[in-house]
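So, here's a batch of structures to check.
The two complexes that follow have subunit A in common; it is paired with subunit B in the first and with subunit C in the second.
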Partner chain A sequence: MITLGAACLFLALVVALYGIAAALLGATRHNRRFTDSARRAVYAFAALLTLCVIVVEAAFARTDLSLKVVADHSSTTTPGFYKLTAMWSSQEGSLLLWGWVLSLTSSAVLFATRNKHRELAPWATAVLMGLGAFFTGLMLFDANPFARLSPVPPEGVGLEPLLRHPAMAIHPPMLYSGYVFFSIPFAFAIGALITRRLDASWIRATRRFALIAWLLLGIGILLGARWSYSELGWGGYWGWDPVENASLMPWLAGTAFLHSIMVQERRGMLRVWNVSLICGTFALALLGTFLVRSGILQSIHAFGASTVGGPLLGLIAAVVVGSALLIVSRLDDLRSTKRIESLLSRESVFLINNLLLVGLAAVIFWGTFFPLISELFTGNKASLAAPWFDHYATPLAILLVLFTGIGPLLAWRRVSLGAAKRLLARPALVALVAAAGLFAFTDTRHHPLALAMFSFAAFSLAALVQEFARGAAAYRSLSGGSYGHALLALFARNRRRYGGYVVHAGVAVLLIAIAASSSFQTSRDLRLRPGQSASVGGYRVTYEKPTAQISPAEQRLTFGSVLAVAKGGKPYATLYPSRNYYAGAGDPTGAGPVRSFFEGQATSEVGRKTTVGGDVWTAMQPDLSSLNPVINGADRRLERIAKGVSPADAKARQTIGFLQGLAVRAIEKRYLADPPPADFRVNVNPLVTWIWVGGAIAAIGGLVAIWPAPEARRRRVSDVYAARLARELGRA
Partner chain B sequence: MEIVLALVIVAAIAWFVTVPLRRSEDEASAVASRTEDPAIAALEARKEAKYREIRDAELDREQGKLSQADWSRQDAELRREAVAILKELDRARGAG
Partner chain C sequence: MDPALKRKIRLIVALSAAVLLAVALIYTSFSASTEAKEPSQIMNAPNGGSYQLTGIVVPGSIHHRGSQLDFRVADRDDSSASIPVRYSGEVPDPFADGREVVVSGKVENGSFVGQRDSLITKCPSKYQTQAQQDPEHVIISR
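Let's turn to the complex of A and B:
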C-alpha cells in the first residue's frame, strides 16, 4: 500500500497543477467548462490526499517500520491511541495534515459556491490549488511521508514522550485546521482584488469559514495551554513561547477581521482594512506553521527539523508581497464613500477594538521576532522574556475587555449622548462597586493592573447581562412568554449577534482568570525529604512517601511522591506528582542502557487539586545523584556482557534486555528503600479553572454564531421586510 | 496489484476531472443558466445586509439604545437606501 500512497501523492501534485491551469483558463477566458473542471480537480485532490492519509495512518496502526515516518515517530511499544496521532508529530505528517485539511475545506467552499461567484471562484480556486501544490511539492521533494527505510529497523524511535497527552493528540489538528481555514477567505479576497469585485460578496461567501478558523484556532490554543499546564512541569499555561505566540497572532488578527467585516457588510466601510487584515491573518497563519517547523527560534513546542523553513518563508514572502501589491493597485476601487457618523456608534468601537487587537498582535510579533531582529543588527540573539510581553500586552488586553463591553451596548451609526449615558450607567456602576469591593477587601490594591482588569471585566459582563435582559424584555413585551423562552428566541432571531455576546462573556471570564492566576499566584520551589513539610500560600505541604512504577509496555520508569496538603490544620488534598523516564529516548550522548533512562527525555505528571477557587499545583524532580553508583555499576556490567555479543544474535540481545529490566527494577527498589530528596515546585493558582471554563463558554458562543439559521426562517424574515418595503417602493 | 490500483485511480480521476470539458453546448448552457449573475448577487447581498440593518435598528429601539426620534430618522434613511437597492435590483434583473 505504501507504493499506492506514494503514487497518490505524486498524482495529487499533478492534479493540483492541472487545477491551477484550468482555473486560470476559466478565469481569464470566462470559460465555465475550465472553471468546473478546476473545481472537480479540487475534489480529486481531496480524494487523493485522503487516500494518502489512510495509507500513512494504516502504516502507523500496524507499526510498519519500513516507512521512515513510522520508524522515526512510533514504535511497537507506543500506545495504540498515540500510534494514530503520531502522524502529526512528524514534519512529513504535519505537512500532509495541512494539505489534507486544505483540500477538504477547499472542496467544501467550492461546492457551496458552485453556482455562485462565477468571477471570484476561479481565481480563488487557483489560489487554493496553488497552496495545495506548494504543500504537496514540499512533501514530495523535502519531507516525503512515504520515504522507505532499508534495512528495516527492528524497533522504532517511539513517540516523543512529551506528546503522549490527550490534549496533544487533538491540539495540532485543531491548530492546523484553524490556520488552513483562514486560507479560504484569503483566497476569495485575492479573487475579489483581481476581479475588482470588492463589495461584500467575498465576505458573505467565506465569513463562516473565517469563524470556523477562529474557533478551531482558539480551541487549539487552549488545548496547547492545557497541555503546557499539566505536562511541562514549569507551572504555567502560557510562557510567551515563540510557538505559542505564533498561534495567538493569527487568532488576534482573525478576531479583528471577524469584527471589521461586519462594518463592511452593513456600512460598506473598512474595505482596505478588511482585505489587508485577511491577507495579514493568513500570512501569520503560515508564519505559525513556519515557526513550528523551521526551528528558527528556540521553543519548547517546536518538534520539527528545519528542512522546510526556506520554502515556507518563500511562500510567506510571496503572500505578503503579492497581496500588498494587489491591494495598492486596487486602492481606488477599495475606497469607501461612507464615513463613521459618530464616535458613539458600534462601528467606531469596532474600529477601536480592531486597533487594539492588531496592536496586541504587533507587540507579540515584535517580541517573538526580537531575537532575529537583534541578531540582524547587533550580531547577538537577544530574547525578550515573559515580563516584557506582560508589560506591553496587559494594558492593551485591559482596554480590549473594556471595549468588548462597550461595543454591544451601542447601536450602529449613532447613539445620542443621553442614550449612551443611560446604557452605560448600570455596567459602570457594577464596575465601580466591583473595584471598590476588591480594593477594600482583597490584595488587589497592590496590583493596579489586575484591579483594572477585574473592574473592566465586571463592566463587560454586566453590559452583556443588560443586553440579554433588555433583549428578552423587549421580546416579551411584543410576544409574551417566559424569560427563558424569550432568551431562546433572541438566539434564534440573531445567532450571530447573541452567539458573539456569549463569546465576549467567555473571553471576559478567561481574562479574569488569567489576571487572577498570574497576579495572585503563590509559587515556591522546595527541596524535601520524606516526612518533611513546608508552607506555601496558606497550605502545609508534607512529602509523605516516594512511589515508583515501571511500565514495560511503554518502556517507562516513574518516580513519584505522595504529598499531603493541609489547609488551616485540616487535611485538604493528597497529591501524586511524578517524573517519567523513558528507555533510550533521546539518547544522543551514548549513555549506557540504564543511564539512558535518565539522560533522555523525561516528562512530568503534575499533582493537582482543582476547585472553582483555584488549583494547588505540584511538580517534582527527584535528586537522583545518590542512585548514580547503582546506575553506573549496572551499566558497566551490562556493557561488559554486551561486548561479547554479536548484534545479529537476537537471543543474546533479548537476554541483555531482560538484564536491563532487572537493573531498572533494582534501581526502583533502591529509590523506594532509600528515597533521595526531591525538588518540588508548588504553585497556588487562584481561579485558574476559569480559564478553561471561559474558553468553553467562548467556544459554545462561537458554535452558536457559526450555526446557520434555518433557510425557512431567513426567508421569512427577509419576506417580512421585502413586503414592508414593497409598499414604499410603490410610493417611490 | 498496487500499480494496477494506481492506474485505475489515474483513469478515474482523469475521467472525473474532464467531465465539464466533454459537455455538449446544450449541457454547458444549462449549467451556465444555473449560475447567479455576479452583479445581481452583489445587489442581493446588499439588500440582505440592508434588511439586517433595519432589523438591528428595530432591535436597538426596542432595547432603548435608540430614542424614538433617532430610530425614526435612521429607519427612514435605511428604508430609502433599501428602496434604492431594490430599484437597482429590478433594473439589473430587467437587463439580465
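Let's turn to the complex of A and C:
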C-alpha cells in the first residue's frame, strides 16, 4: 500500500514535468495535439495525487504507525474522526493537500475551457503544472508523506488536543483551498500576459474560480476565529497574529480583485491594476503557506523548525519577479483607451474601495513583517502588538463600509449630482437617525469610532434595501406579480449582482458585531471558592460546585465547575467551564510524571451562554497548589518503586504507568472532597454572535453569486429585455 | 481644465497620500514596537527597563501560586541563561514546559515581572515525539 503511494507520488512528478513540456510545445507551436496531451497529463496528475491522498488517509484510518507522518500526528487513542483530519496537522500532509487541491482545480478549469481560450490555456496549463511539479518535488525531496519508521513505535504521538475541534478539522483545508484556487486566475493572467491577449477573456474564464477562492478563504478565516473564540481560553477571536494576518492579506487583495475586474469587464479599464492585483494576491497566498510553515516570525502558531521554508521563499520570489517583469514588458498592450469620466460613478467608488482594501493589506503586511524590518535597521526583532493594528484597521474598515454602501447606488460612467442626491438621501437619513438614536440612548457617545461604524453600516444596509426595492419595483412594473416573486426573479436574473449585495449585507452585520463586541466588552477575573459569587457587567456569577471526570479512552482528566449565572435576581444560565489535563506526553520536566501530568499542557473548555444580544463567556483554571503535597508524594513513592525496575523491562514500566494513573484517580477524589479555589475569567461580549451570522450571510451571498445561471434562463434575458429593465431602473 | 494637467494633479494627490501613509506607518511602528530580548540580554539589566521577553520555559520551573504563575525562561540556544518570571493574568492553553513564550514586562531586582495578560505561547502543530522516547508516562486505566 505505502509503496504504491510512494510510487504514485513519484509518477505524479514525472507526469507534471511531462505536462509542462507538452503545454509549452503546444503553446509555442500552436499544436493542438500537444495542448490536449498536456491537459490529459493534468487529469492524470490529479488521479495520481488522489491515490496518494487515499493511501495516506487509509494509513491514518487504521493508525499504521510504520508511517512516520501517522506516528507523529495520530495515535490509537485519537478519536476516530480526528484520525482522518490529523493528516493536515502535519507538514507533509498539508503539502499533499495543497498539491491535491491544485490538481483538482486545475483539472476543473482546463476541462471547462477545453474548447475555448486556445491561446491562453496551454500557457496556463504550463504554469499550473509548474506549481504542481514544485509541490510534488517538495514532498519527494523535503517532506515525504510516505517516509517510514523503523522500528515501528508501539504508540503514536496523538493529535494535539487543542486541534480536536470541529472548526479545526475543516479550517485548514478551507484556507488551503482558498490559497490554491487563486492559482487559477493567476495562471490565466500569466497566459494572457505572454500571449498579449489582454482583453477581459482571461477574467471571464477564471472569475468564478477567484470567487470560490475568496469564499473558501473567507470561511476558513472565520472558522479559525470561531475556533480561537470557543476553544482557546483567552476569549478573543482575532489577535493580529502573523499567521492570522497571512490569511487575511490575500483575502483583502482578492476582495479588491473581484471588484476591479468588474470595471475591466464593463469599461475596459484598470488592466494593469488587475493583472498586478492577481499576481500580488497569489504571491500573498503563497506567503500565507510560507509563514505558517517556516517559523520565521514570532507567532503563536510557529509550527516548529521546517525544511520547506527556503524552497517556498524561492517560489514566491520567482512569482513576484517573473510577473513584475512580464507586466512591465506588456505595459503598452495593457494601456486602456478609456478614462474615469466622473468622480460620481460606480467605477470611481470601486477604485476608492480598491485602494482602501489594498491599503489595509499593505498596513497589515508592514506590521506583520515589522520584526524583520526592525531587525534590518536596528539589529533587534521588535514586534507590533494588536493596538497598533487596530489603530489603522479601524478607520480603514469604517471608510470601507461607507463606500460599500455608496458603490451599488451609483451607475457606471457618470451620475448627475441631482440623481446622486436623490439616491443617497434615504440611506443618509437612516444613518443619521441611527447615529442620533445611538448617541442619545446608549453609551456609544464615548466610543466615536464605534458610533461611526454603526451609522455607516446602517447607511450601507439601508442602501442595499433601497437597491432591492428599486429592482423589485422595476421588475413588477414590467412583469407584475408579488414583491416576493419579484425579489426571487431578481436573484435568478442577476445572481452575481444580487449575490454580491447579500455579501455586502453580511459584511456590514459582521463589522457591526466586531465593533460592538470589541468596544463594549466587559471582562473580569474572579477567584472563587465553591459557594462564592461575584458580579460582572450586570450578571451575578456563583461557583456552585466543582466537577471531575476521567476519560480513559482519551487519557484525559477534566476538572470542571458548575457556574450559576443570574440576571436581575433571576436565574439566567448554568455554565460548565472546565480544564482538561492529558496523559501520554511523557515526563519532559523531570519533576515526576504525575506532576508533569498536571503542570504540562492543559486545554480549556469554555462555558458559554449565547443569545442574540451577546455572549456570557467563561473559562476556569483550578488552583491546584493545595494538592501539591499529594502530587509530589505520589511521585516520590512511585520513583522509589521505579528504581528497582530495569529500564528494559517494558511490562514493569507499563505497570508503573498504571500506578501513576491510579495516583491521578486518587488526586481526582481528593479534589472533589476538598475543592480548592479556582480562577475564572468572565467576559460579557455584546452582539458577538452576529459575527458568525454575518459571516454566514456573506457566505450564502457568495454561493448565490458563484452558482451558474441555467442556460435557458440566461438566453431568455435578451438584450431587448435588459434594455427595458435598465430604462425602468433609471425611472424608478 | 486641461485633462493632462488634471491627470497630473490627480497623480500627485494619490502619490502624496501614499507617501503620507508610508511615513505614518514607519513613524508609528518604530515608536509603538517593543524590543524583544532573550534572558541573557536582560539578566543584568537595571530595574524598570521594559521589554518583551522571549525564550523557552525551563522544564520543571512552572509553579502556580494562587492566581500568580511563576516560571523561568531560558535562551533558545542556551538553557543555562535563564531568568525567573512572575506573571498573572490569562495563561494560553498551549503554555507548558519547554514551550517558546513571549511575555511583556519589566525587570525588577533580577527577575522579570510580566504585564497582565501579555503572555503568548507558541503553538506547536504537534507534540514532540516524547511519548515514544520516554515510555515512562501516566496511563489511565479503564
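Following the convention adopted for this analysis, the second predicted complex is superposed on the first by the 692 of 732 C-alpha atoms of A that agree within 3 Å, B and C clash if a C-alpha of one lies under 4 Å from a C-alpha of the other, contacts with A are read in each partner's own complex, and residues count from 1 in each chain.
Methods note: a residue touches a chain if its C-beta (ideal position, glycine included) is under 8 Å from a C-beta of that chain, and two chains touch if they have at least 3 such contacts.
Bear in mind the structure is a predicted one, so any value in this text is a computation, not a measurement.
Enquirer: Tell me the contact category for A:Phe597 with respect to subunit B and subunit C: first, second, both or neither.
Expert: second
Enquirer: Looking at the overlay, what does A:Gly537 touch: subunit B (first), subunit C (second), both, or neither?
Expert: neither
Enquirer: May I ask you to decide whether A:Val664 touches subunit B, subunit C, both, or neither, giving the answer as first, second, both or neither?
Expert: second
Enquirer: Look at A:Glu155 in the shared chain and tell me whether it touches subunit B only, subunit C only, both, or neither; answer first, second, both or neither.
Expert: A:Glu155: touches subunit C, not subunit B.
Enquirer: Can A:Gln654 be said to touch subunit B (first), subunit C (second), both, or neither?
Expert: second
Enquirer: Count the residues of subunit A touched by subunit B and by subunit C, then name the partner with the higher count.
Expert: Partner with more touched residues of subunit A: C.
Enquirer: Going by the contact rule set out at the top, does A:Ala642 touch subunit B (first), subunit C (second), both, or neither?
Expert: second
Enquirer: Give one of first, second, both or neither to describe whether A:Pro250 is in contact with subunit B, with subunit C, with both, or with none.
Expert: neither
Enquirer: Name the contact category of A:Ala411: first (subunit B only), second (subunit C only), both, or neither.
Expert: In the superposed model, A:Ala411 contacts subunit B only, not subunit C.
Enquirer: Of the residues on subunit A, which ones does subunit B touch that subunit C also touches?
Expert: Subunit A residues touching both partners: none found.
Enquirer: Please name which positions on subunit A make contact with subunit C in the complex.
Expert: Listed in rising order, the residues of subunit A that touch subunit C are 71-73, 89-91, 153-155, 157-158, 160, 162-163, 231-235, 298-304, 359, 362-363, 366-367, 370-371, 373-374, 380-385, 387-388, 391-392, 525, 527, 550-552, 555-557, 583-591, 593-594, 596-597, 599-604, 619, 621, 623-625, 642, 650, 653-654, 656-658, 660-662, 664-665, 679, 681.
Enquirer: In the complex, go through subunit B and note every residue touching subunit A.
Expert: Residue list for subunit B touching subunit A: 2-3, 5-6, 9-10, 13, 16-21, 23, 28, 31-32, 34-36, 38, 41-42, 45-46, 48-49, 51-57, 59-60, 62-67, 70, 74, 79, 82-83, 86-87.
Enquirer: Which residues of subunit A touch subunit B in the complex?
Expert: 1, 3-4, 7-8, 11, 15, 18, 32-37, 40-41, 43-44, 47-48, 51, 115-120, 197, 199-201, 204, 265-266, 409-416, 418-419, 422-423, 467, 470-471, 474-475, 477-478, 494, 497, 717-718, 721-722, 725, 728-729, 732
Enquirer: What residues of subunit C sit close enough to touch subunit A in their complex?
Expert: 21, 25, 28-30, 32-37, 52, 54, 59-60, 62-67, 89-98, 100, 102, 104, 120-142
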